[in-house]
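Chain nomenclature is as follows: A, B, C and D, assigned in order of appearance, with residue numbering initiated at 1 for each chain independently.
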């Protein structure tokens, strides 16, 4: 039993391909409360999108499946064992999702209004067609699209990228879901639109008591949007905590590296941006020790032997790294943006 | 939009005129005189008036002109050579509906069954429905029509005597020929449907639809189908046009008074009028169904429709460029 | 936050100090885990992994070999009639039995295979090639060019194919594979042209095509490198259908005396000849129909494999 | 969920279609009940006869009618397969030989040949003048379908129409034997001069150009009602409702390329002896379909040509097999105008080399009979059977030239000396069917092996187109089958310079003279000698043709069918047919 809105324990998701089994998420646990915003940060391919999609068992046409022993409690209902009917109730009403590329996430042959109203009318059969369209217009207004009545009749390719993303947001909140998952909502947009969309999401946060999960690789937007941050790498969580804890006193070398690679005023002078060497490990192979070991500057033999335990640093802050161990040499986090 | 349709109809008649005239010239330039068998041992006098009766004694271009004049004034396509006394359009009016009836039934059942199998095969890739779909496609295209007709006829009328072997009358004569005619559309449309559905199913907007909690059936019906209609509709035009010609083999196997037999015999016996009339019928329906398909493009795909509108506004003066 | 084990930090059991010596990034390990391979290499690698597609390819190779060496292997020449052996049953002497004139059916099936495969395969590919380019150009330019090209397609596909073949066999004064192939190339490609055009109209709207146009890429290049790969699915399915349909259209023409001239034969001609005795001697119909089915199966499986391998979107 | 739903739906659909139709047809008895009457609106039943002359009302027999001692079935119906779909039922424009079968049921010929016996149908009696040129027929009281009487004028009108040039009657050549017939047809004389006159309503007099002892077997002379014919003009004979018949049956429905329905004509003079209420004649293009129809009983009798099916039907006990010889010869013929085939040795070499046994036994399934000469076994001159009288000319030729290859080389040397090994000739065939192609391929192989020649070029065309080519002489060897009438002179006439129906271009005055004398002699003993000499010129001396076989019909008939008339010449009608004990 848990008092959290969402409680995820040892979530593991794998893909079966004819070349073998790819273990994209390897045992992830976290929780989320109403009104709170959690950011999941990591390089692309670290399993963050797979994690959030697994919350709604959204596999699309891929051959993904949730491993045994995973548990996802949403309002104390176990999602992993939900059948089709329960799932369709959860999606839209329980959890809404905003996708990354607005250009391809809307059906080109259906009007924008229809694609919004469709969700409303499915979840609440009593709503008539006109009411649903009226509701859709209100939503469009809510997400800041001018003259919504006319826009409803238009088709996706008649709208700009930013506006389409707003439509996606409207769809996600159409049935006032409790959790809104934003899967890299701004990546496909240019900077100015990005700011508008973020500002819109922040407004939504204040106005509604919804919980948000922001999945991104762009640390720049995380600080002013999320409450808690989790750093994921190769299917596992390396460090998590409130945004202040993570930005001010990061404990994991990977988090240091991530923070260093954010272009800030100081680094501009040096001209070169810091980037982490190497590439993430092949998820098809079993990884014995810490997945980041091969690319970690402070790597020790023990790192490659065994996976470090999760060490709590404060009520909300914890890290999985051998540097925390008593026998490990004490290392100070490099100054933000400084060269190692 | 109306201007666009009118322009297309004009094009239709132009294409019809060109094709029928070319066929007229082609069939007349093939050596071999169709009237030999009937007039071989007639005296010179009667032989000449026999040719005159069909206007064959005039130069080719004059004959072509007379053909179109006859058609435009009296709407007649000329008298058949092989069946004296019967005008070509009589055959079309009497028998095309029968062939069409059979064909439409076969196509409707075939296409709907094929699309269902195709969707299933796409949704369950490399599992049973997929292999079943491929098997049906294989069956449909590799079994020649006459083998299928022979098997169906033997099984249903000789072994079990459930149906009359041949002849034409009430609905009961419909069953076996239609059964034989459904196999090939099922095969074709199953394969094409699978291919297009596979393309659409991986699109992002399907994931969005799923994230709204819509059941799979609704997603297939509302989202997937709409986007797969484009190629499927394109294929409907030629198959619909082919129906009027009837299927020579099925109609001769089941003794059905359709156009199929006339279609093939005409060319074999160089029955000029019938060949031209048959081609006229085929081209007219084919070109008409193409127009319908192009209009359907506009209905199905809003992008095409909007582009047609925008271009017209942008290019005010000349012809709207549909695509 | 649920309470977490804090004593882990001091648990030194089984640990030794040298385990904690910083070794830094392991350069040797820094090889590229997944070597970057070109689009075609990746496609080939994925194609190789798809068991069914490989089976299709092997099947096609076997068919090709049989068609080439079959008539040579057989004990009797495919033309030599031997009336005493009429309808000889299948046994070690006549592997597929004999037809009504006592000719060895094994040799005839594979001799016929040569004609059918040439017509089926080359016909299908020529039509697909011409059709794709034509359809691509028509859909790329749109507007008046497109409607003009489409009218040509309509005219060509309405002219009765039978007449075209008859006239061609008269002008070239040769009835045989060459005439059939030429006739097919003149009118055969209209079907796929229309299909490809309809698919490409929607693709034309997508951004990468607009981007390519902006970069000043030549239209033909855009069609071949952007539009066609994205309609590869449709094209391949069309080819897998054209092969058997061409084989049977050749049979229909031989039925009318316009196809290949005896004593040459083809699978389609064998099928139509075997039709009359079909209920009594099904094997005469079974073998040629089986060969056509196998050819199409090979193409279908390879087609599916190719479509998955070549489809850029499914490249993981 | 989706998968199971659609598969179930597909199955339901298919089963629904089958079941739906299954029930509609009442519990199918052993053989399917008569196919439901065609949806096409049945033509109005025979219009109420106007005040027809008082006809003796025949008392309907209380229980079943007794024929030849057997009580026939209560319901009399017959299903048969007609060979070709008739182009038109207008006898003046019909060029399809098989249509005669339907016409013989709709009209009353003056004399009908029933099982070889000449019985008066249109006429009660007839007599011939001493010089054998004037025939007088006394008509009986017979009525058209609409009750109006059949008069001698109807017969005269029909004869005149056939010879008028404007009608362009395809078989006008057969009627040149009537006085002035040829002249009228060439437009030199007016139709009224024709040798067919009607002194009064009940007598028809025919005067022939020359003596034709077998006139009654050669001409089928149907009446045509002038006002009815002119009312429809070109449309006459194109649909069932344009027909007016006076024969044993009337035509009530014609679904083209499917079936023709004949019903008993109550107005027919001998209606009492017509037992069939309804006859459905199917026009089936596909042989396998007709065999299936015989197999499941939806057809009562059928000529079977395929030896596989012959074996299957012979094994059945409810089918009777009878072999009917036809007066039709299947042969190759040579083009005398061609450089090589003008040479007699080359023609004889090919005729001798021909493998008739294999062709008849294997290729044609043992149905036909091996040819011994031009005339078939069913041709008689008086009491003499021509075939027995002339003997086996082909075997004689084979014995005379044991080595055809050497004979061929002799011929080639005489012409231009080309070696046999690099000589080829072209053979034309008048059908594109796979059966003909199979035979041609076999003969091709036989000729190459036996004569040691380089090759034989085969070409297949539709009959009309092929004949057109042969008429103009654009061929070396061609193949066709030709049916003869009972008139023995008919076969010889085909080779005369004037007719050249079989385009060998013989142009031999001595032979033409021989045929003319035949046409003048009456005495059978004299005629048989002339016929023998004629066949000797055609086969033994000049070998214009290479006869292969004589066609036969291998007919299978259900045991309950009786009285089917199968004379080789007459167009058999269904008048005498009845069934006893149909299941």
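Criterion: a contact is a pair of C-beta atoms (placed from the backbone, for glycine too) under 8 Å apart; a residue touches a chain by one contact, two chains touch by 3 or more.
Source: prediction; values computed, not measured.
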- request: State the pair with the higher C-beta contact count; candidates are A-C and C-D.
  value: A-C
Statement: Comparing each chain's Cα average against the average over all protein Cα atoms, the nearest is chain B
Message: Quick check: how many Å separate the C-alpha centres of chain A and chain D?
response: 89
Field: Chain centre separation (chain A, chain C; CA means) in Å
entry: 44
- line: So, in whole Å, the Cα centroid of chain C is separated from that of chain D by 51
Cα-centroid distance, chain B relative to chain C, in whole angstrom: 25
- request: At least two other chains touched by the same residue of chain C: list those residues.
  value: 202, 205, 256, 272, 275, 278-279
- line: chain B touches at least 2 other chains through residues 150, 154, 202, 216, 268, 301, 303
Task: Could you tell me which residues belong to chain D and also touch two or more other chains?
output: 1, 288, 432, 461
- line: Each pair of chains that touches is included here, namely A-B, A-C, B-C, B-D, C-D
- prompt: Given the complex with chain A, which residues does chain C contribute to the contact?
  reply: 1, 3-6, 8-10, 12, 15, 17-26, 29-30, 32-34, 49-51, 202, 205, 207, 316
Statement: The answer for chain D against chain C in the complex is residues 287-288, 306, 308-309, 312, 355, 358, 362-363, 432, 434-435, 437-438, 440-442, 444-446, 458-461
Message: Looking at the complex, which residues from chain A come into contact with chain B?
response: 56, 58, 60-61, 84, 87-93, 96-97, 99, 101, 104-110, 115, 118-119, 122-123, 155, 157-158, 168, 171-172, 174
Message: For a test of understanding, state which residues of chain D touch chain B in their complex under the given definition.
response: 1-3, 5-7, 9-10, 13, 17-18, 21-22, 24-25, 28, 30-32, 35-39, 85, 87-88, 90, 93, 95, 165-168, 170, 172-173, 185-187, 234-238, 255-259, 282-286, 288-289, 292-293, 295-296, 298, 432, 461-465, 467-469, 471, 499, 501
- request: Would you mind writing out the residues of chain A in touch with chain C in their complex?
  value: 17-19, 103, 108, 157, 277-279, 281-282, 294-302, 305, 309-312, 315-316, 318, 322, 324-329
